[in-house]
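So, here's a batch of structures to check.
Okay, so chain A shows up in both of these, paired with chain B first and chain C after.
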Partner chain A sequence: MTPGLLAQLFLNALSLGSVYVLMVLGLDIIIRGTKILNFAHGQFYMLGAYMLFLLFQIMHLDFALSLVLAGLILGLVGAICYMSIFHVVRQRFTVTTTFSYRLLLSAMASVGLMMILQQGTLLLFGTEERGVKTPFPQMIDILDVRISLMRVIVILAAIVICLLLYFLMYKTTLGKILRAISYDPEAVTLAGINTRWILVFCFALGSALAGFAGGIIAPLFSVTPDMGTDVIFLSLLVLLVGGIGSYKGTILGGLLVGLALSFGFQFLGGIAELFVFLLVIAILSFRPGGLLGEAAD
Partner chain B sequence: MTPLLEVRNLTVYYGKTKVLTDVSLHVDEKEIVTIIGANGAGKTTTLRAISGLKSLSSGEAYFRNNKITGLPAYKIVRLGISHVPEGRKILAPLSVMENLELGAYLWKDKKEIAGQLDAIFEHFPILKERRNQTAGSLSGGEQQMLAIGRALLNRPKLIMMDEPSMGLSPIMVGEVGRTIKEINRGGISIILVEQNARMALNLADRAYVLETGKCVLEGTASELHEDERVKNAYLGG
Partner chain C sequence: MKPPTSWKPIHKKLAAAVILIIVFAALPIFIENDYIKHLLIMACVGTILGMSFSMLFSTGLISLGAGAFYAVGAYISASLAMNAGISFWLTFPLTIIISSILALGVGAIFVRNGGIAFVIITLLFASAVVIAAGQIEFLGGWGGIIGIPRPTALGPIQFDSKMSYYYLILIILLLVVLAYYALYTSHIGRAWKAIKLSPNLAGTLGINQYSYRLLAFTIASTTAAAAGSFYAHYFQTVTPGAFSGWLSIYIQLYAVLGGLEFYVMGPAVGSLLMTFIPEYLRIIKEFEPIVTGVLLLVVILFFQGGILGTIVNATKSNGKNNGQGIHSIRSWLKKGKNTGVRES
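Entry: the complex of A and B
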């Protein structure tokens, strides 16, 4: 293996991993705040990619602007879905509804939402693969290694988003409330805060991250209505590997899965995902709570 | 004079089980009122019904002549009722300071908040010392102080405390008692729910006794202290 190929594989792993990190941070924010395991998260990612197709490819808006818009629009879609579906489900719960039943009911609602979004996109756009031209086709030569600028941009964008999220979570009042609500929603209510809007915001923020992730990957992957299905299952794996409730764990898990996928495809071909599953099983059998999660000892 | 808080005929169900039957009580300005009763009598449920965390099937509550029944819990807090729930509900992963800041969320005047924080730190120096540690790292007594401090920062007219002495050493129980007295001297009314009837009756002006969801006795704390039934059932003969 040449150093060039190795560097290429690492870069692919990092860019793929970055996208998983964004996806899983979104999933994690949603599950911790609203206690919803949102299977439709992959469809928000898919819609984010279609947004880029529409805004950037068709309407020729600026790439960065299209990305930000994709995030915002998916945030709005998330908020609407939360209020019209999950909030309604939630209101049917009573004090005697057990936690596992709550989790199951909202997860089932999210599976319904997943189907609606996917079939809706199929009706609207057809099965045809859409391409989004890359806004950064340049290759950078570093020593003997050629790397794609687009992939570097993906990684940088993910780093910027992580920093922004860190700032939001640890340096703002809203972040304090978000961390508090995931630990004990009642305590937040008793501080005089209307938790309903906080939960809407949680869901919207998580969905925006999925939209952004789908948008930024659009120039690298082909855009299809079913692109969200694989990604949700791998994202759930990353969530398990990293551990729920740990941002560091999520980042570590995302990068690990990115590496496994990238090297797996190179050396094992189509069974790369099987390799990822085996890796995850191995990790979880040693650390059932994930690498760094709340449940990890 | 109308009471600060007036609760009439609260009836509450959990599913199909009736846990409160026609509970009525009132709290006057600057008063300490205690609700005592055995485990499962319905003390916690009474507080949760008042603070809006639990819905009622009938009955109503008025706070400073405003009807509060039916309002969402966060609005009741804004009217001036703070609830320190059972089991000192501090936010363990957040720092001590962040816990306190959350208590002051409703107030935007930074200077006043700082002044009140100083007062709390003066009263509980340990909280100042540990302000950057996670609240979960505090001892049981310190967590209770934090929970009370956080409630004070809501700037309430009435604080409801649910078994603040639970799980504390006798020395800490005494400390909590003194704190309650001091808060009350500052003009804040208090509802104190306790299984520790001796401590509660020593602190309170008036008391209610709950048994299986019904209010079976009420009177001044000194009357109940001398009551044969209370002596036998709650003060160990």
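Entry: the complex of A and C
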């Protein structure tokens, strides 16, 4: 184990972790705003990767442009899904509907959506793996560490997105509404704000983040219809570690899980995921509600 | 709200239950096909699992971990039978005891995380159990455990046909139903319901939310493990692949499809449908997940009380539409109430 390999491993973990951060920030925004545990989030991620494959590989658009477009298209898909499914589910709820019932029905609706999107993609694109050629094949040599430029770009893009989100959430009126809605939607409605479109925006923003994450990971890994189901478990894990409803916690959790997984696979092999799960259980037994979250009831 | 123990309908319920038991006990006599008997057996297993989900849901917790304890039960039973060489009649109670201790320990950590975190943690637990079973050599790795013995003969009854297994699972199911009914109608069941309706209000009335939920988790998980024990001795093989994380999602589908407020009949109807419908969709295998997904969405969007809830509502209102079906959204807007959820 040379320091060079260690540094490389660390960087890989960081790039993996930053993709989780993007995914889970989207998941978290959706949960906080619309109170939907969206199992179809992994499928949005997968669709994002396919969008990049179509735009960048087939239509030869600029990489940055196709990435942004993939995010925007998935945002649109998310908005359509919300309005056609989750909004109707929500319409059926009343004041007397318990929280658990709301949670269960919207989660089950997302499972149905997940099945449709998953199998639809499988039928449309087939099971074979699609490779996206790396737009940045260069390697950077610092001391004796060789780093792929693509991974650095992934990390940088994640940082930029996080900063943009921070700006949106804490510096704009829309962000203020979004934060208020996660505490008390009724009060926001009473303040004269049309929550309906805010919730659509919430869901679209979360889906766009998933699509962006899928798009940016596509050149690093191959694009398959199964990539969504693989990533959703890890995203939920990250959400749990960081604490639901805490953006800082999500970032911390994403990096932690990325690190634990990368080093775990290097040193432990196949049981790395089990090790990460036990780590999460250990954290949760001391801090129910996650690292920076609060235990909810 | 009518408590489930009101005196008037109990004789009706009893009569219905007796008729159902007779029908289901007589069913295999008329069915020649072994494969349909197998499907019936799996529907019974699904009913038990769905009921365990319903029990946790009656406390307001959504568990996606029923599949986990199903797997745990199967593996405990299998390794006991293979390594200690004891028969089903001993491994079954032993599995129940061991898994209840396990569930208590695991639940003590899980139940503290309410709401969304509980959903996620149980789902992750289910997939962690599968990975653990695949990685640990003692449990047979990804190949699983093969050659688990059938239950030994009980007097003149030999366990070599589907028929005998069917009666075995039917008796287990009946015991589970009786135990659950006793629990739901006792003060424990009422406390669970109070917690579900409003955790904070229940707390002010002196109901310890944590311990009641932990109790529900332990009982539900133990039931799932008992079903797993049966599964191991029925299939005679246990592989990690049989218990993937999506199994747990299918289990809650049983309960949602049948109707969530029907703690016994809901999962039964749901699991019967979900076992038999995919069999007849086999012709269009590639589209099967899409059809299942669309069905699920239709039920959630338009028949929120589940299939049973829709039927009960339709008969109660003498054919008048009161919140179910295509016109439900319009009637919801008019009346300002949702009869799909009859909780209050």
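Note that the second predicted complex is superposed on the first by the 294 of 297 C-alpha atoms of A that agree within 3 Å, B and C clash if a C-alpha of one lies under 4 Å from a C-alpha of the other, contacts with A are read in each partner's own complex, and residues count from 1 in each chain.
Convention: contacts are C-beta pairs under 8 Å (C-beta built on N, C-alpha and C of every residue); 3 or more make two chains touch, one makes a residue touch a chain.
Please read all numbers here as calculations on a predicted model, not as lab measurements.
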Touch test for A:Glu186: chain B only (first), chain C only (second), both, or neither? first
In the superposed arrangement, which partner chain does A:Thr195 touch: chain B (first), chain C (second), both, or neither? first
Using the superposition on chain A described above, determine whether A:Ser207 touches chain B (first), chain C (second), both, or neither. neither
Determine, under the contact definition given at the top, whether A:Thr34 touches first (chain B), second (chain C), both, or neither. neither
Which partner does A:Ser66 reach: the first (chain B), the second (chain C), both, or neither? neither
Look at the residues of chain A and decide whether chain B or chain C touches more of them. C
Touch test for A:Ser262: chain B only (first), chain C only (second), both, or neither? neither
Touching A:Thr96, do we find chain B (first), chain C (second), both, or neither? both
Is A:Ser15 contacted by the first partner chain B, the second partner chain C, both or neither? neither
Would you tell me the residues on chain A in contact with chain B in one complex that are also in contact with chain C in the other? 94, 96
The residues of chain A that touch chain B in their complex are 94-96, 173, 176-177, 179-180, 183-184, 186-195
Chain A touches which residues of chain B in the complex? 14-15, 51, 53-54, 72-75, 77-78, 82-83, 85, 89-94, 98, 101-103, 105-106, 150, 154
Quick check: in the complex, which residue numbers of chain A touch chain C? 31, 37, 39, 85, 88-89, 91-94, 96-101, 103-105, 107-109, 111-116, 118-120, 123, 233, 236-237, 239-240, 244, 270-271, 273-274, 277, 280-281, 284-285, 288-290, 295-297
So in the complex, the part of chain C that touches chain A is made up of which residues? 57, 60-62, 109, 112-117, 119-121, 123-125, 127-128, 131-132, 135, 196-200, 209, 245, 249, 252-253, 256, 260, 286-290, 292-297, 300-301, 304, 328-329, 332, 336-338, 340-341, 343-344
